[in-house]
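Presented sequentially are two complexes of chain A, the first with chain B as partner and the second with chain C.
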Partner chain A sequence: MAAIENAHFTTLKGAYDQETMEATLKVRRYDPETGKSRFDTFTVTIPVTATVLDALDAIKDTCDGTLSYRKSCRMSVCGSCGMRVDGGAALACKTSMRKFVEAGHTITVSPMGNLPVIKDLVVDMTPFWDKIRAIKPYLDTKDADTPAKEWRINPEDTALIHKESLCILCGCCVSECNSMESDPEFLGPAALAKAYRFVGDARDKDTRERLRDLSGAHGIWDCTRCYFCNQRCPKGVDPRDAIAKLGAESFKEGFTSDAGAKHAKVFVDSTYKGGFLRETELVPKTIGPANAIKDIPFALQLARAGKVPNPLSPHKAKDNDEVKRLWKLLEKEAKGQPRRATATHPDAVQEG
Partner chain B sequence: MIRHDVIVLGAGLAGMRAAIEAKRAGVDVAVISKLHPTRSHSGAAEGGINAALGNATEDSPESHTYDTIKGSDYLGDQDAIEVMCREAPDDIYELEHMGAIFTRASDGKLAQRPFGAAGAPRTVYSADITGHVLIHVLYEQLVKYEIKVYEEFFATRVVVDEGRCAGVIAWDTQKGGLHAIEANHVILATGGVGRMYYGTTNAFACTGDGMSLAWNAGVPLKDMEFMQVHPTTLKSNGVLITEGCRGEGGYLRNKDGERFMVHDAPNAMELASRDVVSRAEWREIADGRGVDGCVMLDLTHLGWKKLKSRLPGSRELAMDYAGVDPIEQPIPVRPGAHYQMGGVDCDIWGETMVPGLWAAGEVACVSVHGANRLGGNSLMETIVFGRRAGQAAAERVFEQGDTGARIEPAALADEDRRIAAILNNSEGERPGVLREELAKTMYDKAGVYRTGEALLECQDKVHDLRERAKTLSLDDHSSVFNTDLTTALELLSLLECADCLVTSAVARKESRGAHSRLDFTTRDDDHWLKHTLNWNDGGEVRLDYRPVTITTHQPLARSY
Partner chain C sequence: MQERYAYYPGCLASLSQKELDSSTRAIAEKLEIELVEMPSVTCCGAGDIHEAKPDYYLHISARILGQAEQSGCDTILTICNVCTLNLRQANIALKEDAALLNRVNDNLKEVGAATYQGGVDIRHLLWEVSAGEGYERFKSIAVKSLEGLKVAPFYGCQILRPAKILGFENSDRPESLERLIMACGAEPIDYPAKVKCCGFPIVLAREDVALGELVQPLEQAMDAGADVIVTPCPLCHLSLDAWQRKAAAYSGREFGIPILHLAQLLGAAAGIEESELKFKRHVTRLSPSVKAKLQVPSVVGTKV
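Here is the complex of A and B:
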């Protein structure tokens, strides 16, 4: 062993040296005993490398020990510290304080949205976990003969669910979900991304049943495509993309009876035929002619406000054939993709 | 009164694996955890999990066993190591069947990468987020088997009734209030205790609660002086940069650009055992060849493609917490406390000396890691020994039924008084102040290199802190989600574990694995080839020793 005798120190000099800065934070408080909310402002001295979580810790240790929030790993993997920073959900431990301090900006920290608040920055995650449980969040290989060794799966096939596998269930996407705000029963971006993780898994044999259930009420088609979930996800899961993939897969299985699915289909058919969306067809084809009649007064109101295009001479693209050619190209490309990942029983593999 | 056949304390990999096994066996099992299961620190494990599958090159459980024994500096019990290495492959296949998303080789089999001090590429992995993938797959199984979880319940006491484990008393963090939860068997799976050190890879939650619970229930802690220091952690917050970076070909350089491992392990270089690499780094930094208290982990030659596909998590961490993109610049790293090789003394089924009390995972000391753990062996330990503890406890339920051990109302009342005293106190010092003093003391005086003098100073300081912690000043006296209270309880666990660690370290007058003394620089098998036991003697640490189990491999000099 070289040179142990040269290592004369049990202690390293400068091990704790860190440049510091002063930061001010406005924090939303909620006291469950009185039911009252307020904002408190704190100023703390923190290292220049500090995150929002470090700043909260400094507040708790030196200013006010009653401040409550969840934390654990402080390395963006456990998903405990989701909260709103300046109104948008983020992981406190992944959000650096330095840029705010340098800009002279006082951040506002508040609890995540769409979930009941327990105390200060702590929310009740029960509705979140209920939805995760609702999508049958485990692999189902049905009656497949379990191999003695691993299933064989090509690396490209595991890559199909790579992004969804990164999800840490922190709830940041759910906090910002617009659809859930109006329909609290909507499964929501986290549960749906988790669902795609199984639909896209080569080993799962419950695909059809999963897609049937997911394309029902409060499912895939209730997403409003606002993309806030993609924007706010701290791990690059892109839940909206997963929901789009679920939609495409459920179409392949013929689950097109939901109004949302029909709505999507009208878009596709209409643009194929005329190169443009024919809005007049959209409502009856989405919710059915009978229901569409009920909406006539609303349509007239819209027409008076100049919001309805002329139903008698709809838009048509000048070169509709080009649209159709583009369409065929897309269709061909889609066929070139593997429809779904496959897992092979090791006994069925010829060893070369 | 709530009652279950089996209670598992902690919901990381070992705890969930134990609960799943017990449930499958058909007994009534519940999990109690201070965190939601997927928040557990197992999820932060990066590099991988070792099993001799032989997918990359020829390999065998015997070779895995030998590497682990040698890595342990011959302090690991060889019967336990044989069990782990023999059972590891089937456990990996089972994880894969449960749905674990492992990285694949081009033939569709599980890929395996080389790790430190391993004779073959043996580490199965999922890019550099292996722990994350595993914690989620086990949580999925927990949901599948409809296992009851007492979420955000903080266990404050393991109750022993006439020599038998009777259950636990736990504080409901969400609502407030203590509950007695009885069980015929309690499996401790609460993880490690890295938070007693300032520079640590461990989560805030890793405070040795289970070790403290067992110690106070009359079970000795074993080999606590062996705290593994990981060679590659970030200075800002201690976050781990995986050994996989070196497994994929990363270099360690000093300020002159030299690959200094050439002086310490000319063959294995950066892939020598963790204790060896940590000591080399410490020397470089102490002797003035570091950069701002760090050495440089250079991955720039690996290319962006490999970094993005194999090490994307490490890149994210380096960019978030060190402000460095490893594609372009080396990452400054230094040694940090990472893994407690010691823990609750138990046998190869996880059973402790108190009937009905079991342990698995980092909280336990079976012991498979001895004086130094190999990378990739901790995840494997959680799965193998978690499963075994779940299975053995369930079998015991079928054999014995109700053991008759009960939590008497008086025991609950006593604990209620103890917790209320902490909760209502406003005198004394803040828990955060003592925690920081402890962490700096341990990092300075009981870290990579140790001396008798520094260790004795450390011991005095720990005793002083234990005394001062008898009255902690809380700001929060409320009952709902009172994290001021849980922080105080965690500090008490940390202090007891620190006392065991430093007392054992003062006594062990040799250098072995992670215990490296500048005043006793060599391994001394004649006197110290034995396990340390720390008993709780009226709140003070009493030392005792036990021989190491040696089956096939006699101790040899260890070089890489």
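Here is the complex of A and C:
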């Protein structure tokens, strides 16, 4: 034990033997006892290789021991230190301080968005975990025989869910999700990316049920495609792309009754029929004729500005027969293919 | 900036947002760039086809890119964020995967469509006129100073994120619209929601969620003292302009702030007439004071 402690000390000492720099950080504070927030500004001396997390550690060690934040692995694996740096969610341990110091820029560190703040930079992850739990984050192989050893999966099948498997559950994507700001019940990018990790897993046999649930209220069609999740994810999961894959899978399973799915279908049908979007069909086909009638005053405002194209002479692209033939060709091709790569039977892949 | 572009106006500018198409053509003429028509192109899919039928999306995108190639242009000019992202996403997917491109081209050949060899880039008008030679050329035609006009830039999402596909500028702190607003002699107004979502992709399927997003830029731009909002995306425009009254009912606050297409703002600074900028085609009308600051010459009796 002593040897380990000494090793740790040596590493730290080694780090601080490096060239150092002076960094200033503005940190959002929140005191749950008084319910008051404020910004504190700290200046610390840190190694030139320091991260935002190292700078926070230096503040805690030398300026204010009450500063609260989460951390653990310090190497972008545990997902504990998600916080906003200059307004954008990032892992503090993956964000270098040097470029800010060299630019003479004082960074602002604040807690992640879309989650309640407990103290300073610590947020309550309960709503995050509730949503992860809601998508059943484990394999359901139904009644398939459980193999005696591990259930292996082909590299080709793994590749399909590789990106989604990289998620470290840090919450950076959720922090910035524009739909969640507006609809806190939206499952959101982290839970949906996790859901695709199981929907796309060849060993999972709960695909239909999963997609049925995910394609309903507060599910995949709540996504507003702001792409903040892809931009913020520190691990390259690209949650928005996972949501799009869930959309495609739910179409394959025939779950197209949600207004969002109907909206998407109008685009598909429009290109087939004439090339461009048929705007006048979009409203009634997405929200239903009854709701469209309720929206007539709104439609009249648009019509007065010349924004309602004549539904009787929709735009026709030249040579659109090519597109029709293409659609038919691809539908025929898709019919001949399995829905997705199938899992190798457990007995066939056991070693021995 | 190129001398010739394969012009891809997309659905909205061809249909409900025709004022964007006419303004773009007028500004292109002033900039002395040729817009080559592609009469057989389809919708880019707007993210919807990508989500519902990803393979079909890749094929129709390749067909669009192939037509641009056949027109002898190496760059497609877009005027819509959603078209820009969708075409660029498909372009990257097709260029990175030779087997995929071969399969797509075999299918395109089979139906008699143009194939795609991988030689096209997709650029938004904003990118072409806010930097380099295009910016210099715009400054030389921006003969009118829109002095006193306070303009809130609204970027929208799909011209900024994901940066690895778009990548023109810092997606958290973009400056291209501000640069152009200043080149027009107007004053850029800063506010945090300028890089956030307008809610348009879900405004029909999830109206309340979308309106919750839409009120943010409207409220913040007005609180910051903006006279108008300018956007490079016709979907954002439709959301901010046509859904503005619904956003007002949702938030209990009156807005009444006019929304300009980027090409309209540039056009006003270049002295292009109302008959081409067509501000009358907006649901939220220009107030007399904004009209005066835009100094757009109007011809009496112009058809909308």
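The definition used in the following text is that the second predicted complex is superposed on the first by the 293 of 352 C-alpha atoms of A that agree within 3 Å, B and C clash if a C-alpha of one lies under 4 Å from a C-alpha of the other, contacts with A are read in each partner's own complex, and residues count from 1 in each chain.
Following the convention adopted for this analysis, a residue touches a chain if its C-beta (ideal position, glycine included) is under 8 Å from a C-beta of that chain, and two chains touch if they have at least 3 such contacts.
Everything numeric here is computed off the predicted structure, so don't read it as measured data.
By the document's definition of touching, of the two partners only chain B reaches A:158; chain C does not. In the superposition on chain A, A:117 makes contact with neither chain B nor chain C.
Judged by the touch definition given at the top, the superposed model places A:134 against neither chain B nor chain C.
Of the two partner chains placed by the overlay, only chain C lies in contact with A:329; chain B stays clear of it. Judged by the touch definition given at the top, the superposed model places A:60 against chain B, while chain C stays out of reach.
Shared contact residues on chain A (touching chain B in one structure, chain C in the other): none found.
The touching residues of chain A, counted against chain C in their complex, run 86-88, 178-179, 181-183, 186, 221-228, 230-231, 238, 240, 243-245, 247-248, 251, 258-268, 270-271, 275-277, 279, 282-283, 286-287, 298, 301-302, 304-309, 315, 317-320, 322-323, 325-327, 329-330, 333-334. Considering their complex, residues 11-12, 14-18, 39-43, 45-56, 59-60, 63, 85, 107-108, 110-113, 157-158, 160-163, 171-172, 192, 196-197, 199, 201-202, 204-206, 208-213, 238, 242, 245-246, 280-283, 304 of chain C touch chain A. For chain B in complex with chain A, the residues that touch the partner chain are 35-36, 38-41, 43-44, 53, 92-93, 96-99, 101-110, 126, 129, 131-133, 136, 140-141, 143-144, 174, 198-199, 203-205, 236-237, 239-240, 263-264, 279-280, 282-283, 285-287, 292-293, 313, 316-317, 320-321, 323, 334, 430, 432-433, 440, 443-445, 447-451, 454, 474-476, 478, 480-484, 518, 521. Interface of chain A with chain B (complex): residues 1-4, 6-18, 32-33, 47, 49, 51, 54, 57, 60-62, 64-66, 68-80, 94, 96, 118-120, 122, 125, 129, 132-133, 137-139, 141, 146-155, 158, 161-162, 165-169, 198, 201, 203-204, 344, 349.
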